[in-house]
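When the chains are written out, they are named A, B, C and D in that same order, and each has its own residue count from 1.
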Amino acid sequence: MNPVLHPLTLVTFFPLLGVFVLLFIQPERKNAQRWTALITSLITFGISMWLLAEFNAKDPDLQMEINLPWIQVAGWNISYYLGVDGLSILLVLLTTFLTPISILSTWTAIEDRVRDFMLFFLLLEVGMTGVFLAQDLFLFYVFWEFTLVPMYFLIGIWGGPNRMYAAIKFFLYTMAGSLLMLLAILWLGIYQGTFSVPELIAKGGIPADIQLWLFLAFAAAFAIKVPMWPLHSWLPDAHVEAPTAGSVILAGVLLKMGTYGFVRFNIPLFPVAAVKVAPWMALLAVIGIIYGAAVSYAQKDIKKLVAYSSVSHLGFVMLGLFALNPQGIQGGILQMINHGLSTGALFLLVGMIYEQTHTRDFAVYGGLWKLTPIYGTLMLIVVLSSMGLPGLNGFVGEFAILLGAFGSAAIGSPWYAGFAAIGVILAAVYLLYMFQKMFLGPEGSVVEEVKKLGHSIKDLNKREIVTLVPILVLIFWIGLYPKPFFALIAPAVDKLVAAVQSAAAVAMY
Amino acid sequence: MLPISYYVGLSAILFSIGALGVLIRRNAIIIFMSIELMLNAANLAFVAFARAHEALSGQVFVFFVMTVAAAEVAVGLALIVTIFRNKQSIDVDQMSSLKG
Amino acid sequence: MTTTDFLSILPITILVAWASILLLVDVFTNKQKWLTPLLAAIGLTVTLAFSITQSGNAYAGFNGMVVVDGFTSFLNVLFAISGLAGIALAYDYNKRMGLERGEYYVLLLFSVSGMMLMAAAADLIVVFLALELLSIPLYVLAGFARPKLDSEEAALKYFLLGAFAGGFVVYGVALAFGATGSTALGEIMAAVNTGTADMTLLLIGSALILVGFGFKVAVVPFQMWTPDVYHGAPSAVTAFMAVGAKAAGFAALLRVFVAALPTLYEELVPVMWVLAALTMFVGNIVAIAQSNIKRMLAYSSIAHAGYIFMALVAFGQQAVAPDAVAAALFYLLAYAVTNFGAWSVVIALEKAEGKGLQLDDYAGLGRKYPALAAAMLVFMLSFTGIPPTLGFVGKFFLFRIVLEAGFVWLAIIGVLTSLISAYYYLRVLVIMYMRDGEPEISSPVLLKLTTGLTAVGTVVLSIVAVPLFQWASQAVMKLF
Amino acid sequence: MVLSEIVTSGPDFFYLAPWVVFFPVIGLLINIIFGGRMGEKAIGTVASTASGLTFVVAVLLVLSLRAHPEGATIPLAEWIAIGDLQIDWAFRVDTLSVTMMMVVGGVGTLIHIYAIGYMHEDVRYKNDPGRYQRFFVFFNLFIAAMMILVSGDNYLMLFVGWEGVGLCSYLLIGFWYDKDTLGRYSIDNAQAGKKAFITNRIGDFGFLIAGFLMFWAFKSVQFDTVFEAAHHIAETQTGMILAITLFMLLGVAGKSAQIPLFVWLPDAMAGPTPVSALIHAATMVTAGVYLVARSAPLYTLVPAAQGTVALVGGITALFAATIAVGQYDIKKVLAYSTISQLGFMVAAVGMGAFVAGMFHLVTHAFFKALLFLSAGSVILGVERGHHHAAHGHHDEHDDHAHDHEEVFDPGDMRNMGGMRKTMPVTFWLYLSGTVALAGIFPFAGFWSKDEILAEASALNFTVYILLAIAAFFTAFYMGRQIWMVFFGEPKHEAAEHAEESPPVMTVPLMVLAALSILGGALNLPGVGTFTHWLEHTYDKFSAMHLHHGEFNLTVAITSTVLALVAIGISWMLYGRKPQTQGQPDPLKRILGPIFTGMENKWWIDELYWAVILNPYIVIARFTADVIDWRFWHDWFHDKVIAGSFQWFSRTFLDSWVDQRGIDGFANGLAEGTKELAQRLSGIQTGFVRNYALSVFIGVVVILGYLILQ
């Protein structure tokens, strides 16, 4: 197939076309810019649908591979190697799905430098999709680092009052981890002679102690991105300061790059180390779950609460992944999607009210349900999804994760999952607290404040509802009938689990 | 005949004197003279080694060094003169507006 | 003189001759100020063309005192391009700053010819001559903005310290000569191999040479002149000097140590290791504290010298050394492109009387001049080593060599300092994009062209890096 | 279904089972989509119809079960399938689940109808235009969730309903989300809802863990698979079944308001009265009992777990009954009564008397729903009377609290009295519920409670004693309530002017009253219709033997006597000499501090606040503010990492630099550090000789190193 028209190339780089078009639109024509970005991202989503149609769910291996030599000189063995399998297909779809939604959410929220905003947003999409599709470590690293830049600007230019601090912190933290990963990538390239992930996996044979070091180097990058406790300190800053769309993408997709990295690289490349450190990762994950939940509860700022809830939720994902059994990993991957949807929607919703009230302080909110019943209802559904109510998406993932972790041989003790399950209680505590503070009780002072500004708090408009409905559909769909989603993930995960088990077994003897 | 190490020792001493001169003196011209001293210490070493090895290239080198030193003198003095015009001083310690 | 002799120094000859002619031309053209730069550019272009045709060939001239090999032609191209960039940056800048004097271009050509000679030198005598030939014009160029005191001060500092460091080189050469009885690199190596050399003397001599060139490339602790000189010298000169002199210094270091002195590896490797680590640390950390963009870039150039120096640390490992040289060359190229781009932006914002050089003066650039800001963004990312830029590919190459040579901790220091560097490079972006201001720029066509070409080059060459890689990998050294 | 088939093999409507969930879902969707444009009546009708249809389905299922008592499993779709984990959306039709469906559908429908009237009449909260839509959507959602709970074929589906009803409970308790129980603007109702949800989640945690244990022991959470393998697992993995059942008990304690998680139920009375009746008396809270009954094959394997369950039930029954004695709010009394009665049921199923427990569940659903709804009728009556008294005419208010400075509590029994005259229908309804609850022969409660007591006397004497005392208290507090509310003189003008409720409310009550009176017929001693009915479900598992409760005349007489004595004492205290307003409770004189304890619910809420909630809040705040923010974020990351880094760069390597606040990262840099930076100054002094010195030192060090080496 023509490498340019290859579906994976297209889905990755199509947004660049939008970037190109944007460059030729005058800065004043804001609506044209918005539409350009939206249409570009929608077409990208369409391409990803094509990808899904072409995808063979039964095949556990990489599909639609495109593998062209890129830099093959001087002992370098770098390829332009894209491929998709069950581990990544959903994340690609999540990316292409959330991008148009986020763009739609900025319609009235972003008025300043719209063109630049859209430009960075589309570039970000390129980077994120590339991260999920790249099968060559060099290429992966290129995309991985590349995502930093647009996000940095999204936070730094369109963010809140403390945005520069947050942007720099975001950049430095994530880069700190990435650089260690870079060294590990180089090590693999030098001593294994290739950067191609499937080849590296096939080759194997890295001694256990070196595996551990490489694992840790990769984990440094991913754990910061996830972020795992205690490396989460950048997250609240970044989330609080980022514009709504930025928060959505940050929580929805960027954090998943970390968890995805674990499942795509750490576990298959260093299976022995993965088995060895699984209890420690589980421990950190559980601490993150409880800690994130407790800290969320004590927040006074809505966005901060949601930000810390991500620490807790992604703790679940990590716990699932390092259960190293089908339930845990499949649940973990599905939970990545769930968290992307739920937390993405939470940030969207918070952003929608923030646009009207310009405050995120819980103290002034209250009784909004009466004024904004639709908003309240949608928020309720999303909150419930986030706290893992059965029948909604969050439950399916959390259940599978906890179930998997509970009986995981790698983690070795049900206590981890037992404590993690307490996080389910605590999630209800902080999420209901948030819902109650915003929507229940008597009207908060913010209602008066907004009135003073000459307008009253309005319920969601059509555009906002359109923004949210696709997410809600998926929330119910995954909650009630997750089979199609699991079907996409399952073969690849089974293969991964089998590979890890055999590698670990070999290492034991 | 004196052993070669004597010449080398002398050149090392001269070189050190030159280097210390650069460190200690404040007058730009004297600093420059100290540098010349360092170069000439090298020249001495060259000549001595050339003799020891009975290789001509050492002595050729000396000529090159002398030529280059002359060129440096030309440029150096020109610079010093320009600065003197501007500041009425060639004390290098007064030339410290660029720092940090 | 044989044809080979002639060919081997032909680019240098062209330039020197051309420069001398230009000197005359300049005297007789008072009105047509554009003529000298144009002619200089033509001369460089001819040289560039010749250097490109030369690549792939390998021969020695003057009994092995001068060699032409892949290494030489790679660097010759780099130097010729640097010269061209130096002219492009200076043409308008000099006019704006009131420095429109033809000598500038003549001196530039002389310096380029010195650099080229350095790349071709295979005898310590030639190395020394080349060093002086490239340095002396630079001393003058640094003070070109006379009677501005900053410029004069920069020139004097550069001159005194340069001559001082030159003294070490000469003395080091003398000792090396004393140890081996020859100044030709090939014969030095032969003497070492046959065991006739006095190794202690050679070691001390080589250390002194290392110091001398360490000064030239601005390795800590010999870097202290750099910020002051870069700051005081006219920006166009600084840009040229930062690339050309550094590349030439590395050319000499690589040539001398990799080709002639690999046997000293055991003794020298700790020294070099420490120098590289120190340089990366100091350059990057001190850069954070800078509020003047020229000084910041000066420290940045120190830091980059440290990165390139990492490649040199592996000079004695036969298996790795060729790749190390290639990595260093590649990084030099990446650094050159990025650096010229960055300086072109600095020049666009610089105004007479040294205004427009503070970081704060960049506030609002992203809004008012998006294209220029975007270019600067690319350069800063490239300096940081973020893909998709040349800087990233270069670092990737370098770190790989370092790891391959087994210097894991050096690589870790390298990545950590890259992280530190992100901090101050990002600050430029923060100011450009996230602060409001009303910057004024003057960006004539030539400057725009430079900025544009380097920006596009920084990105595109990182993606289609294969030819560059190949070219750099073929640029191995040969001794005859 | 062809008629001839029905005739030959009996009706087989099992395939209809999923509709018990679909109907309410359809109903709520209609109300969500069109509710905004429909009138109150229409909304209520749609919801009631949806609920009624589930009852019809349940009836059809009963008929089918009579023909095919073995039941059926109706798979709908695959839900979660990962590796060994196979969980379907599948509906289980057997006598146990259909019994629950009957209760939920039947009582649910009646309460739906009642609510049409009640929600209109709930005068305190009038003029909230969305209330009907909201209420009936939640109500239908509840029916759907409850049906999922009772009809699920595996533990996880049961859990879906389990949490779903919890959600509905949350939403409906906080239905008047901006008020408190008295209609003042407050967060209290919402708080009560949250309390219920979170307390339930603690129970759910136990349920989840039980589920995980179960999966890893049985590789399944499907009922039949688990039950069939239970015997084998009990032999090979000692303690596994015990752990599963005990963790499940935590879930039961949460949902069925048992010790230690009962605290949410009294607060749940903040919801509108139909909610209290449907969710917090008749159906949802019995889910725990259902769970134990459903898991009977597991519980019967581990006597230790059975004993624990029974003890928890017994203690709860008594404990809650004592608190009920000290309450003044008409609904609070009923709430504690519910907890107490749930204790009876839990004790019963704990002991293995599954039939008795389920039987009491059914009858309790009748009479407790009746009592709550009647109580609602009383409250509304008083409210109307209060209005009448205050204004002499009816006009619509936005909100009651705005009109009166003094807040009037229409639920406070101390304001009532003599209402048998003003609300005669309600009085008779209430009375029939009361006698049923008190266990007076021959009302429904007598038969079911007696069966439990009889079983207890045989199986677990400790529990029997607890339950018997609890039964005594039950009769006492119900008697107290009747005397205080309906007899004597009105103690407030509101009670004096109370008005009877409309037929839309009273007619469903009459149906319930009839059931309360006659419900005992379901399982009369010797006949045992209900026992045989349930046997079909339990006999499937040969491992377990179902208890056939024997009628025990001694026990029956004892309890009847106890009940009559209790009512008599209550008459002595409250009926003979009616209280006047402001007079302290007569019991207070007699019991003193004990009564204060009863009045204050034995300070359990306060205890939980002190032991769990406040510490959690303090820890959370501390973690968030001090550990995470000030220590980790501000101090460690900003000051230590960023700050020391800058300090390092400035102090040692650089001279002064005026660093203006470009970078927030530098904010952590204290003034002292700056001073130090200046004092130490940099090396980059600008003096050329210093630079030369640096070169020279470099040379000396390198040469020194090389030579010494």
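Everything that follows uses one rule, which is that a residue touches a chain if its C-beta (ideal position, glycine included) is under 8 Å from a C-beta of that chain, and two chains touch if they have at least 3 such contacts.
Nothing here was measured: the structure is a model prediction, and the numbers come from that model.
Contact with subunit A and subunit B alike is made by C, D. The chain pair with more C-beta contacts between its two chains, of A-D and C-D, is A-D.
Rounded to whole angstrom units, the spacing between the C-alpha centres of subunit A and subunit D is 35.
Between the Cα centres of subunit C and subunit D there is a gap of 76 Å. Remark: subunit A and subunit C have CA centroids separated by 43 Å (rounded to whole angstrom). With centres set at the average Cα position, the gap from subunit B to subunit C is 25 Å.
Touching two or more other chains at once are residues 19, 22, 31, 92, 95-100 of subunit B.
Shared interface positions of subunit A, defined as residues touching 2 or more other chains, are 164, 168.
Contacts with at least two other chains are made by residues 156-157, 160, 164, 168, 227-228, 289-290, 423, 427, 430 of subunit C.
Here the touching chains pair up as A-C, A-D, B-C, B-D, C-D.
Interface of subunit C with subunit D (complex): residues 156-157, 160-161, 164-165, 168, 200, 203-204, 207-208, 210-211, 214-215, 221-222, 224-225, 227-228, 267-268, 270-271, 282, 285-286, 288-291, 359-360, 420, 423, 427, 430-431, 435. Interface of subunit B with subunit C (complex): residues 8, 11, 15, 18-19, 22, 28, 31-32, 35, 38-39, 41-43, 45-46, 48-50, 52-53, 55, 57-58, 60-61, 64-65, 68, 71-72, 75-76, 78-80, 82-83, 85-87, 92, 95-100. Contacts from subunit A toward subunit D in the complex involve residues 162, 164-165, 168-169, 230, 233-234, 236-237, 291, 294-299, 308, 325-327, 330-331, 366-367, 369-370, 373, 384, 389-391, 395-396, 399-400, 402-404, 406-407, 414, 417-418, 421-422, 424-425, 428-429, 432-433, 436, 439-443, 480-483, 486, 490, 494.
Residue ranges on subunit D touching subunit B, taken from their complex, read 654-657, 682, 684-689, 692-693, 696. Residues 77-83, 85, 89, 128, 130, 156, 159-160, 162-164, 167, 170, 174, 177-178, 185-187, 189-191, 194, 197-198, 201-202, 204-205, 208-209, 211-213, 215-216, 616-617, 619-621, 623-625, 628, 632-633, 636-637, 662-665, 667 of subunit D are the ones that touch subunit A when the two sit in their complex.
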